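Below are two complexes that have chain A in common, paired first with chain B and then with chain C.
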Partner chain A sequence: MTSDKSKLGFFLLLSPLLLWLMTLIILPHVGMFFVSISEKVGVRQYETGFGNYAVFFNEPLYWNTFARTAYMSIAATFLTLMIGFPIAYYIAKLTKGRTKTTLFLMCLIPFWVSELVRTFGWMILLRETGVVSNFLQYIGLVDGPIEFLYNDAAIMTGLVYTSMLFMVVPLVTTLDSLDDSLIEASYDLGGNGYTILREIIIPHAMPGIVSGCIVVFMLSLGNYLTPILLGGKDSLWFTGLIYSQFITRFNWELGSAFGFLLLGLSSLIVFVGLKLSRQSLTETMGR
Partner chain B sequence: MNFKYTCSALAILAMSASAANAETLRLLTWGGYAPEAVIEKFEAETGHKVEVTKSNNEEMVAKLRATNGGGFDLIQPSQDRIAGAQEEFGIYKPLDLSKIDTNLFIDSMLEATKGNTMMDGKVFAVPHVWGTSGLVVNTKMAGSVKDYTDLCNADVAGKVSYRLKRPTLIGFAFAMGMDPFAAYGDADAYQGILDKVEAKLIECKANVKTYWDGGDEIKNLLRSGEVIASMAWDTGGWQLNADNADINFVAPASGALGWIDTFALPSRGRADEAAYAWINFVMQPEIAAMITSEAGNFTASKGGDAGVDDALKARYQTSFPQEAVDNIKWYPAVPAGLEALEGAVLDRVNAAQ
Partner chain C sequence: MSEIADLECRELSKSFLDFQAVKDVSFSVPKGTFFSILGPSGCGKTTLLRMIAGFQEPTSGDLLIKNKSVLDVPPNKRPVSMVFQHLALFPMMNIAANVGFGLRQRGVDKREIEKRVETVLERVGLPGVGNRSINQLSGGQKQRVAIARCMVLEPDVLLLDEPLGALDLKLREHMKIELKKLQAEFNTTFVYITHDQSEALVMSDQIAVMNHGVFEQIGTARELYYQPKTAFVAGFVGEANKYDAKVTAKNGDALKLVTGDGVELSGLDAVGGLNEGDRTQVFVRPEAIKISRKQADIKGMDNSHSGEIESILFNGANSQLLLRDNSNGAQINITMPQTGEFRDLTRGDNVYFGWEAEQTRCYLADKVS
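And now, the complex of A and B:
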């Protein structure tokens, strides 16, 4: 009797999650998969086959775009880690109480406005008649206006800025759990700053680093607004391709195939990343 | 107690009765085509409610395709997006012309749109707003730009913008001496034209500052002087002209590209009566004039240009002397499948370094 009751409770608690997964994730994907394997042969005529996937591999343009997107996302992830780690270390280890909360909040505040507004903020700063260009002219460093927008560096800036929080939060959590006495002990045992960082801090923070990297990488790869708005004419991004297949070309079949390829290939990259860093997903997410 | 119940029951009955007559019109249209003042007047006069969603051609078709023609009661795609989309996705339903007051329309435009959107003897759209795309140029700084291909001139390098969409392909093809509309029916010939345009656009890419997406974006770029020559809509040019006399819309030497935005019914629209009422309402000359002053473009309403303010008329006449009007290239209906060819070209131009 009791076991029946607890079983019922278990399923009741599970049902929101199952509903969420089924209706919002699995069902749409099944539908999208069927769209992606129907090839268009004429007006309102479709055949089943993997032709749409073949298009991706046969047209260098598409896999080049994917490679570029992946490469830029990895670079953005790395940069975010490089900038985010010192910030997280400072917040977790060198501050206490109120300062800590304040600093943490300051990382959070930019996320109170929408991504679109933040991106427009960057456009106001970086455009030819924008704040940075005008300031440089004002202090006499340059003679004419400079265009900072519409290149890869602008995209990178936007991506790092957008995803900084998602790196800092898991890092702060893992670094917080590192006992200060361990660091003191290693100084006692003759370690210096560099060896302590390499032998003590980074191994301990590894799960945080990996989970932060996964989130930032996925966010960058799936970002649409930032690359399109800041990248201008050179903004070739895989999600942009998917959007244009769906909306401007009415080619849902190819768009769905691209969607699945993005899902598969990005999962593969994350898998390889986990293997290389010798972390397992359960360990990373379990902490 | 009993009295109270009777009252509320009566109230509910009354509400449902009025709901049967007054429908909610879900209108999918362009920015400026349904000004607040017009909606208020319409609601007061007919009792119908209007909900407006703003969009563009591609999104309109994509949205209706996603719902098999549901979710909206009246939509306003350009006339070239009717027949092809109908053949492919079946998202429209034929119009009942007896419910539309055709006397309100300029005859030539009505006939042209009817012809363009006819399938199996049924008419799918009537015209509403028309306009052109051509060049919006800062005439002081980029006086040399007279045609689409002049955007690739060295003297405007780095200060040019256009959209990476089909009008650009068509405009460049005309400026390069070809006639893409004549090749619409022949995929091979059309591909030949596209190949030449692709080469030109890739060569021209270094000249481009950025490809613009929305009307506000290009207006911003032109206003700030970051862009001095662009391919854009006539209204954008006229609006900028009001602020800065140097900037104006220029009809290109090879002809401006003319579009007509229409009224069409989605196949699963629910408020047809309200939709017909809206069409007949906004085509009245005085309402049409209100829409023209809001959207900046003229309508297919007979006498609708009479109430438009003189400044806009003057700008129109500067940009369009009679021979430029005669030279407008009106978009014919896009055959199904053509977008795939164009899409591949646009992708390659976007990817070119």
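And now, the complex of A and C:
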């Protein structure tokens, strides 16, 4: 009896999650998959086949954008890690008590504002008539207004900024769990800053690094707002292509195929990343 | 001293903001000595050890290793190694990598490292465990790996920060002997800090008793136990019954005292300099007190009392009796003699007890904080 009851409870508790997964993730993907393998041959006439995928590989613009999105996302992830690691180390190891909480909160506060507003904030700073441009003119460094927006650097800045928190939080958590005496012991045994970082701190923080990287990479790859707003028309972000297929061109079939390609790409890169860092998904996410 | 001391501290002090953790501590440790610093928690012993290791900078004073000042030498360059309280073995490496860590930092050849790591593991009695992970070891084995990790670097001084604290009692007893053996085997100077007097007494050649940032006394275990120089040492090292008393008469070192509730005692001026009328603290070791059922056996002793047994703390060879003194109602702690004669003592029994004046060590009360 009790086991039946507890089983019922278990399924009841699980049902929201299952419902969410089923209706919002699995069903749409199944539907999208069927849409992606149907080719339009005439008005309201469809055939099953992989023609939509073939279109992707035959059009250089598509797969160039695809590759560009991938390496820009990887670069953004790497940059976020490079900037986030010292911040996380500082918060986790060099501060205590109130300062620590305050710093941690300061990382969090920007996320109380919607992403759209934050991105507009960057636009106000970087546009031709924006704060940075005006300031540089004011102090006499440049003669005319400068446009900082609509290039790769602007996209990169936006991506790193948007995903910083998702890198810092897992890093702070793992670095927090590193016993200070390990660092002292390695210093005592003759280690210097570099070897301690390489042999003690990074191996310990690896699960945090990997989980942070996975989240940031996924967020960057699937980001739509930041590349479009900061990169303008030339942003060439793969999510932009998907959007235009669905909304502008009404070509749901090709859009669905693109969606699946993006899913495949992100899975592949995460898999390679895990293999390279010798971490397992359960280990990094289970922390 | 003709031989150069491995470690020497000269008037070493350390202050934090408004608190002085270590005050003018001076001592020197000859080569191959097992030197313990014994003190209650918060007495500054950890600060002292961290200064020797280089993690904290002294406010004033000098620190010499093999007669050379090491104040300007950072911890990773100092010829001292430290065994941490929780050992701080690196969980991300196997045992061989842990032990070889220091050698790798020094840029020793890979094959040479392997050889030396295996040798040192053999010396601590753990041959062939190099490929295992840290978690596969028992507490005592981890201890030995931690020591091996330091000893492979052949430091001049090995610092140990209460490394036995985390072990259970049985293992702790065993590791005490083990540590002493390892120290003799490596013949390296060990500086060991602990709050556990039995660890210090059993293992050390020299013990410094520390309290409130100063060394109260430095000496061998026996000196500290039988001839404590201060009231703190008398109370902290070993067990003791304590009285507060006033000196009523003085004849050389021999004192006549009277306690607050009017009991007369005969005692010994432990450090000299006590005068009539001084308030003193009086210490009597539980094992110095003789008990008997017959008053006649106690009659000839300098201090003789009678009391009622309040409880018997049976602990095998270390059993103790808690008595309530009939004359003043004070509680007194006596080691139960193991001759079998007192095996049938029970609560409520009345016994006579007494001790000699020279076992009654008196200290000026003001010196106690």
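The rule we apply is simple: the second predicted complex is superposed on the first by the 287 of 287 C-alpha atoms of A that agree within 3 Å, B and C clash if a C-alpha of one lies under 4 Å from a C-alpha of the other, contacts with A are read in each partner's own complex, and residues count from 1 in each chain.
Keep this in mind: contacts are C-beta pairs under 8 Å (C-beta built on N, C-alpha and C of every residue); 3 or more make two chains touch, one makes a residue touch a chain.
The shown structure was predicted, so the numbers you read here are calculated from the model rather than taken from an experiment.
On the superposed chain A, the two partners chain B and chain C both fit, without a clash. Touch criterion met: A:K233 reaches chain B, while chain C stays clear of it.
The superposition of the two structures on chain A yields an angle of 150 degrees at the Cα centre of chain A, opening toward chain B and chain C, reported in steps of 10.
When the two structures are aligned on the shared chain, A:I247 is found in touch with chain B, with no touch to chain C.
Shared-chain residue A:D179: touches chain C; no touch with chain B.
The partner of chain A that touches more of its residues, comparing chain B with chain C, is B. Touch criterion not met for A:I25: it reaches neither chain B nor chain C. Look at A:P203: by the touch rule set out above, it reaches chain C but stays clear of chain B.
Once the two complexes are overlaid on the shared chain, A:A67 sits clear of chain B and of chain C alike. The least CA distance from chain B to chain C in the superposed model is 47 Å.
Contacts from chain C toward chain A in the complex involve residues 53-55, 75-77, 80-82, 84-86, 88, 90-93, 101-102, 104-106, 149-150, 153. Listed in rising order, the residues of chain B touching chain A in the complex are 58-59, 61-62, 65, 85, 87-89, 158, 165, 205, 208-211, 213, 224-226, 336-337, 339-340, 343, 346-348, 350-351. Within the complex, the chain A residues that touch chain C are 179, 181-182, 184-192, 195, 199-200, 203-204. Chain A makes touch with chain B in their complex at residues 43-44, 61, 64-65, 127-129, 147, 149-150, 228, 232-233, 236, 241, 244-252.
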